[in-house]
Each structure stands twice: as C-alpha cells, then as structure tokens.
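Two complexes, one shared chain (subunit A), two partners (subunit B, subunit C).
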Partner chain A sequence: MLRGAADGAATVTANGATIGEVLRDLVRTYPGLAGQVLTEDGSLHRFVNVYVNDDDVRYLDKLDTKVADGDSVSILPAVAGG
Partner chain B sequence: MLLLPPAVHAEIVAHCLGGLPDEACGLLAGDPATGSVTRCYPTRNLAGSAKLYTVDPREHLQADRDAEERGEQIIGVYHSHTHTEAYPSPTDVAQAPDPAWHYVVVSLRDTHPVVRSYRIVQGAVTEEPVIAGSR
Partner chain C sequence: MALVSSVLDLIGNTPMVDVSELSPNPSVRIVVKLEGQNPGGSVKDRIALAMIEDAEKQGLLEPGAVLLEPSSGNTGIGMAMVARVKGYHLKVVLPANVSVERRQLLQVWGAEIIESPGSEGSNGAVRLAECIHRDHPEWVFLYQYANQANPTAHYEGTGPEIWRDCPEVTHFVAGLGTSGTLLGVGRFLKEQNPAIEVWAVEPPAGEMVDGLRNLDEGYIPPIFTELGGLDLLDRKTMIGPRESVEWTRRLAEVGIFAGISSGAAMAGAARCAAAIDSGVIVVVSADGGWKYLSTGAWTDDIDVVVERARRTIYF
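Up next is the complex of A and B:
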C-alpha cells in the first residue's frame, strides 16, 4: 500500500537531517503517503514502523532521529491481527 | 488466487502447530502479479497470545530485504487461529495492512489444520482458491 502511494516504487530518495524531515519530504513528493506515515499532528503513525539502517526509530529519537547521507530508511506497515 | 507450493504449505502449517498454544504468524513472498508464493518467512508473534498476533517488525524488515534481494516481494501474511475457523476475524479485517496482500488463515481448531486464503480490501473479505503448485 505504501508502495502504491509512491507510484509503485520500492526505493525512493528523500532529503532531511532527521527522520521527521525525511518523512515530510517524502509526503511532499508523494502526497498519497499523507496520513499513512505521519498523523495529522505530524507524529509517527502507530501502524507504521520506521528503521534507520537496522534500528527502529522508536528506540532512538523517534522523528528527531538523525540521518546521515546514504542512510537507508525503511518504512514498513505494522502487520497484526487476531 | 494463491499459488502455494506444497513445501511452503507444509512449512506454514508446521510453524503454526509449533507456535501453539499461541497464534503463529509469518510473511509470504513471491510474485504479486500472479499470486505465486515462492517462500514463507516464519516470524515471531510479538503479541505472544492465543488470540492476537503481531509480526515482529525487525523480522519483517529482514524478510522484506531478503525478498527484494531475490527479486521478489512480500505479498501477504499468514497466521493461525488456535480455536476458531480459518476465516479473518474482525481484528484481522480492521488491521489488514495492505489491500494488495493475500491473507492466509490457518485454523488449528480441529484434528487437521485448515488453510484458507483471502483478500481483504476496504473491509470486504473475499476468499480465494489456494492452488497447490508454483506456476
């Protein structure tokens, strides 16, 4: 679903010094992602997991987590049910 | 429809049985265009519950990367129902993450595990045939 909102791309490029900036940049490029990755008040959607390289940003600095040039940011939906 | 090789079917069932008394869950990789499953990625159920499942996001990340390296995609998820039928629960429907995915439910309620597959699109559940094969 995230891929569909990004015109079918599995890998895209985005700019930003922090995860928050990267995600906002992504949403600017792919407006279809609005509301799926960030909530209306700009925080990380709870049904999405974001990794910088191998680390979950929720265990780092969340949206303030710094990203460096070439870092790999992975955005995956939460997969759950009952 | 879901094209599921017998070996993968067996792996899914074994993982679900091995997860008892909790629900087990895992991801399916393959070709989204044809619904052909190449492999499954058994994952940890972070919820550790007989009624709920949460795919460990770290294992999801690894599976996603591995599939991509092989030129495949994650095309669905499987999970077990320990005491109910092989049909998506209201929670399954409400939390289905991707309308393009295949949702496999394995019921362990009776003597023999039952494996069924579904599409869940905007709250609508449609069963699809599971074909034992690969192409």
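Up next is the complex of A and C:
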C-alpha cells in the first residue's frame, strides 16, 4: 500500500540509529511517504504499525527504539481480525 | 457437567494442556488453553453469547430479530449458532478469502453470507457492514469491535478460568483480532498479579490488505482504544504464515489439532519463552484445526501451504 509512494519497491534501505531516524531518512528518500508514516508533528501515524525484527515499536521505545545494522524494519497498516 | 439443557451451556470452561515439551527454554512452561473445545469450535462462542445476551437484556432483540455482523469467520460462526438456538436471523459480512469450512459452518447454522472483497481483509468487512447498517438501521448491529460485552466475556470467563486452573501464570499470549481476548483476560490477570505480562501476536498485514487504498483505511478496534490497549499490552509481535504453519504442525506432533492462528500464538509463546529466564506462559488456541483441513496445512508441501496461507485470512 505504501509501495506506490516508494516507487513500487517492497523493500528499501534506510539509515539511522533509531526508528525515528530511519523513518525520517525514508521520507527524505521518498517524499511521497510524508504524512503517510509520520504525521506533521513527527509522531507515528495512528493507523501504521512499525516493527523492528517483528516487534511492534509502540511497545518498545516507540520512535526512540534502537536499530542495529541489518535489522529488518516493517511498515504495515493496522488491520482487524475476528 | 454431564447433561445440560442447551448447547449454549457448553460455552466456556475450556481445558488447558501443558505443552512444555515444545518450549525452547527448559525453565519456561507453556500451557495451551483449548478454545476449540467450545461447541461452535472457537473462542468466539464466548463473545457471541455474551453480546447477544447483553443485547437481550437491553431489550434490543425482538423475537426473530435480524443481526448484522462483520467477521472473518469465527465470531460469525459463534453468533450463527447462538442465533439459531435463540431464534434470530444472522447476516455475516465475510471477506471472500476465508477457508471454505468457515463458509460451510455459517451455512450449517443458517446464517446469510454477504461477501466483502478479500483484498481488503477484515477492514473491508467492517467498512461494508457499517455501510449496510446505515441503509438498514432496523438490523441489530452488535459490532464485536466496539462492543464492551466482547472484552467483558473474557474478563468474566476466560480470565478467571486461567487464574483458577493456572495461578502460576507469568505471561499471557494471545492473537490480536478484535483485541477482546487480550483486553479482557489481560486486565483480569493484571488485577490478580500486576507482574503478569500480556503479549499480543498478530499476522503481517500482507497481500490480503492490498485492497486498502490509503492508511486512513487502517483500522483499530474502538474497544482497544477505549480500554487503553496501548498501556495494557506489554509487547506485540508479528508472526508470519510460515512460522504459523510450522507451529501448527508442532502442536499436532504433541496431539493438539489446532487452527493456524493457534500456530501463530504458539510461535509467539516460543519467542516469549526464549526471551525470558523462567516463567509459565498461558497461550490461547483460538480454534481447532477442522476449519483448515482444506488448506492442507498439516499434509501438503510447506511452501505451497504457506503461499495459500498468505492469501487467506486465518485470524
């Protein structure tokens, strides 16, 4: 769903020591993602879940969650089940 | 309880089984609560009964009333069973890409299926049901995602059962769908022992939500927000289809025939076990394996099964 804004790519590379830095780097590379992932005030979009190695960062240190070289970051929409 | 007067009396009081032989950490016990033992075959029987009886108490249900509900299957199936027993009609808004057995079971209990686009997942079913409800306000919309009777059923039923049968619990792991199980059980257990951690497991929102056009079509259940889910959960982890199927097979190796979301929950429990020094994890198996036989989950080549699971909603 976000791929359209990232030139159709499913996987991209971004840099940073925290999730916030990685996401801001991503938005610099793909300006179309601005407002999609981070809101205007710089917080995480309500309907976006961001995972570091499959752990949702909202339950870690949010945008301050540390990332290491080679970590996998997933950005996905919030979905229901049931 | 050998003889009951209604099948509805068989809902709840499900057994728990120790499956610690599957734990990756010898100092961590893992106990599975088998919700597939409910008469409609899933944990959702609990909320189906609770929501319908709550509506009856509020005087919302005339005899022969029509109920409308978005569901990826299990809630619809539970409600179809309860509605059949109590004499109501049920219309279920169901994503097109669920297993054939989910549709068949809805039909067993006489529910009408209204199909929503599979590519929009459960979010699409919710959206379509909301539209239909606007056009048909005379149909009773119990709406599991916003109905307090959903978490309450777990706060008053599932949670106390776990505390009664396994008071040594240190971690509770369950799938996140409506968030009702996690919120209800989680709150109850933390009230008994604030040190208990609550871990949510969810499937990746993969190809099945390619139909969502933008992020404003994302969805957070209203009960999750209202009941402070963000503060209640200690961890949320994503488990993909491959791990889910692998763990569904591991459960079968110890004799437990459970659905694919149970495999995901077990994978989450295993991750939890590996991350802690010692403890007792209680994990919810939401349903049995019966509804997934057509997916070949246990017998077909794993790569083929995983590809099928990717295109199917199993939460």
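Everything below uses one rule, namely that the second predicted complex is superposed on the first by the 79 of 82 C-alpha atoms of A that agree within 3 Å, B and C clash if a C-alpha of one lies under 4 Å from a C-alpha of the other, contacts with A are read in each partner's own complex, and residues count from 1 in each chain.
The rule is short, and it goes like this: contacts are C-beta pairs under 8 Å (C-beta built on N, C-alpha and C of every residue); 3 or more make two chains touch, one makes a residue touch a chain.
Owing to the predicted nature of the structure, the values given are computational and were not obtained by experimental measurement.
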Partner chain in contact with A:Ser43 - subunit B first, subunit C second, else both or neither: neither
First (subunit B), second (subunit C), both or neither touched by A:Ala80: both
Of subunit C and subunit B, partner touching more subunit A residues: C
Partner chain(s) touched by A:Asn15 [first = subunit B, second = subunit C, both, neither]: neither
Contacts of A:Tyr59 with subunit B and subunit C, given as first, second, both or neither: second
First (subunit B), second (subunit C), both or neither touched by A:Tyr51: both
On subunit A, the residue positions that both subunit B and subunit C contact, one per complex: 1, 47, 49, 51, 54, 56, 74, 76-82
Interfacial residue positions of subunit C with respect to subunit A in the complex: 44, 71-72, 74-75, 121-123, 126, 144-145, 175-178, 180, 202-206, 209-210, 212-221, 230, 233-240, 261, 313, 315
In the complex, subunit B residues that touch subunit A: 23, 25, 27, 47, 51-55, 57-58, 60-61, 64-65, 68, 73, 77, 79, 88-92, 95-100
In the complex with subunit B, residue positions of subunit A that touch it: 1, 4, 10, 47, 49, 51, 54, 56, 74, 76-82
Touch list for subunit A against partner subunit C, complex: 1-2, 36, 45-49, 51, 54-56, 58-59, 74, 76-82
